[in-house]
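Lettered A, B, C and D in written order, each chain numbered from 1.
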Amino acid sequence: MVLNEADTRDGSSDVEQLEKHNIIVTTLEKIWNWSRARSFWPLSYGCNCCPIEMMASGAARFDIARYGYEVFRASPRQADLLIVAGPITLKMAPVVKRVYEQMPSPKWVLAMGNCATSGGPFRDGYSILPGADTLFKVDIFVPGCPPRPEALFHGLLELKKKVERGDY
Amino acid sequence: MIGKGLLKGLGITLKHGVEKPKTIQYPEQRPYLQERFRGCLEFDYKNCIVCGMCTKACPNNVLSFETAPIEGSKKKRLVSYTIDLQYCMFCNLCVEACPTNTLFFVHDFELSTYRRDEIKKVYIPPALTQVDAGGGQAELIPQDALEPDREAEAEAKRLKQLQAMKTALSKGGQKVLAKYVDTEEDAAVLANLLQADEKKRDKMAALIVDDKEKARKVAQAFVAKERKTQAGGEEK
Amino acid sequence: MEHLFTNIAQILTSWMVSLGLPPIWADLILLIGQWTIIVVIVTLNVIVLVWLERKISGFIQERLGPNRLGPFGAFQTIADAMKLLTKEDIIPSQADRWIFMTAPMLFIVIAVMLYAVLPLGQGMEVVDLNVGLFYFISLGSLSTICLLMAGWGSNNKWSLLGAMRSVAQMISYEIPLAFSLLGVVMLAGSLNLSEIVTAQNRYWFILLQPVAFLTYFIAATAELNRGPFDMPEAEQELTAGAYTEYTGMRWALFFLAEYTNLVAVSALAATLFFGGGQGPWLPSWLWIIIKTYLIMLVFMWMKWTFPRIRMDHLMSFSWKVLIPVSLANILITGLGIEFFRGMGW
Amino acid sequence: MSLMIINDLVFVLIASITLLSALGMVLSRNIVHSALALILTFIGVAALFFNLGAAFLGLVQILVYAGAISVLIIFAIMLVMHGEAHKTNRFNPSLGTHLWGGYIAAVMTIGLVAAIWFSELPEVKGRTVEDAVGLLAGLLLGNYVIAFEAAAVLLLLAVVGAIILARGVEEQ
């Protein structure tokens, strides 16, 4: 595709220039996002009560598998979604950060429960991070203490909408 | 016998495999929630007496409010009330402490947000107005309590008009219809048509009440169609 | 219907010869064509298998399993595969780069090569090797090296531990696997898989060799690293065993190879013990597909029923139970054959 | 004719892969790489057997050498190895050992070439063995059964001896 000089002068980006010529460059990305949004393989990190609800979400009554998100991976290399389900202690923070960095992009973070969202009751503690978003970018917050499995699903489905929009 | 336990296990999984799944499919089917389930903390400013018991009871500093003094009164009025749900641990202490049931839990658990600061909920009560409470005493009440419900009133008025128009049309109502068609003749045709067809009558009545312009167009279309069918009938 | 594919192959060969190609080249082209078709079918089949596995696990746990995407969630695996394709490809900086990269490819190559000798119907094997069964076993033994390479190349202690576990397990279970097949070979008097199928004209060997079938089934489960013998990938202790450091497509290749192995082992069980393509009414290739799928369903059923067993129990079960049992089976089979031959049957 | 050419080409391909991997095995500084190259060499030898029409022998080569023995070698290496991997297979620094090694290798090569050159290798013509496995079985368990069993007992003794050496005998 040879771009006209007139196109390059007005300072628009390559994508915009291509769109001027009726070439849509986002289609493939849309397909990828379609598949990514339907296949979050979670990596779990938690302390005690939120993970119980998270485990319950895999059980028969709630069944996270309906959305195809049931593939809980133990290795960050194969996960797409870090579910932070518990407070991050200062001692644990570098570890969580490292685990997050070991995940292959595109990757997302879900803060489950109030401890992960903001530190919760421990927010003024000397050893707790006041919220997971002080450590890395959190894509969705699921408040609750602990949130119901359905609340987790709501968070996942909201995240699905976000990923489908390509807004990450 | 060796392996009996294994076979038994296989039998159990087979039995459960053919049973009906126990899943409640969440977004379509709502989960059954107990009455006392604490989903989300809500605040109703109408009952609030600004006593501050809730903030004293809260262990996590979830609740906070701003007040302003009322002139000529010892009381304070509420300027804003904040529930920062991201710190809440749903312990119910504030609800128990509240003397007027201003705070309460609702069953809404779908609280996920993309941004952390969106979790915080701020309630701002409407501005207050001074009214004469009788006996020379002034009282402050919220504005929307003073103002009658405009929307509801308008809706009631509209319904009344609609009913009147329907009865008028069912009895003929050539005069009304004459405004929407060009000639008296057309009005007569339309009136006959509408008397015969209840559906079209209702539609016409609603249009006359809500949107006069559209009513004119629809009326003319009705007439034209009626003329055409009449002409077709004569030819045959 | 019975000779559908063999007829197509013959027509293609004669067409190519009529074009003036030497027969040997025509055969070669046909061989490559068959090979490509097998690879494509096997790969696509994995998508179905993963979906089936997830559905079955759901039903056994009284859940629904994937059901949002397509009819009964059938497109779920496609979404997963597409996602895995587009994931970032990470090679750890301290990894042994070339070993790390070749291990998954070698694994899938070996897994696909197993199909060369399997009779996928009457007269439908790619290569009619007269030591077919032996080929299957010896190639299968090579896959341990791929796991070892993956574990070593990752330069990660969990990977190496998982790889060592899986290699110890696979080497131990290779012996009962091979011994259990010896009974069948003695009955059929041949290592050629299609001849073994023909030998089952009167009785399927499951009736004559039930013990061999049981040992084969258990040893094959261990060989496939499937539950309840999924020690190498024990996710709770070893994260993902030898596959811990693998991302995206490389990891998917391992996954693909494991399911490919599952199909191959099930097809071999159908061939050796259930009469291969023999069966009434339907063509032989359909029969072998049906039998293979039924055996795979049993594999999946077992995986979602039994808890993982301990490593030392696993090893002692192989050395102290399976190997003596399979050796005794060989002895009894030999005595039986001699006895019945003496009786003049 | 074309069949012969293909056969020769395949032989050259297999032989060069085998030789290259053997060289890699000797020259690699990383002992694990050496072991893996050894496996490739074994597979190449197996492929040569296939090329010669001895499928059974080739498969035995793969099963026993590539599949089992080399895995044991790698296992042993990984279990006893410490330190950095790329320094595990260092060359002997002294010149004398190099010279001795070269000398022995040269003598052996010359001897082998001379033996092949001067001996009259009998030409086998058009004789294909239909049931190689059966023949082999007949030989191993028929004519040479005593040698076969003796070798088996010897290996067993070696294993038992190794276990005793490794674990030590308890003093009573």
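Quick note on the criterion: a contact is a pair of C-beta atoms (placed from the backbone, for glycine too) under 8 Å apart; a residue touches a chain by one contact, two chains touch by 3 or more.
All of these numbers come straight from a predicted model, not from anything done at the bench.
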item	value
Pair of chains joined by more contacts [C-beta pairs], C-D or A-C	A-C
Geometric centre distance via CA averages, chain C-chain A, whole Å	36
Separation of mean Cα positions, chain D and chain C [Å, integer]	28
Between chain B and chain D, centroid-to-centroid distance (C-alpha), Å	83
Centre-of-Cα separation between chain B and chain A, whole angstrom	33
For chain D, residues that touch 2 or more chains besides their own	none
For chain C, residues contacting two or more additional chains	58, 61-64
Of all residues in chain A, the ones touching two or more other chains	60, 63, 66
In contact (per the touch rule at the top): chain pairs	A-B, A-C, B-C, C-D
Chain C residues touching chain B - in the complex, by the definition given at the top	56, 58-64, 301-302, 304-306
Footprint of chain C on chain D - complex, ascending	2-3, 6, 30, 32-33, 36, 39, 43, 55-56, 59-60, 62-63, 66-68, 70-71, 74-75, 78, 85, 131-133
Complex contacts: residues of chain B adjacent to chain A	21-27, 31, 59-60, 85-90, 109-116, 119
Complex contact set, residues of chain C against chain D	22, 24, 96, 99, 129-131, 134-135, 137-139, 141-142, 144-145, 148-149, 152, 160, 164, 167, 171, 174, 191
Chain B residues within the chain C interface of the complex	6, 9-10, 12-14, 16-23, 25
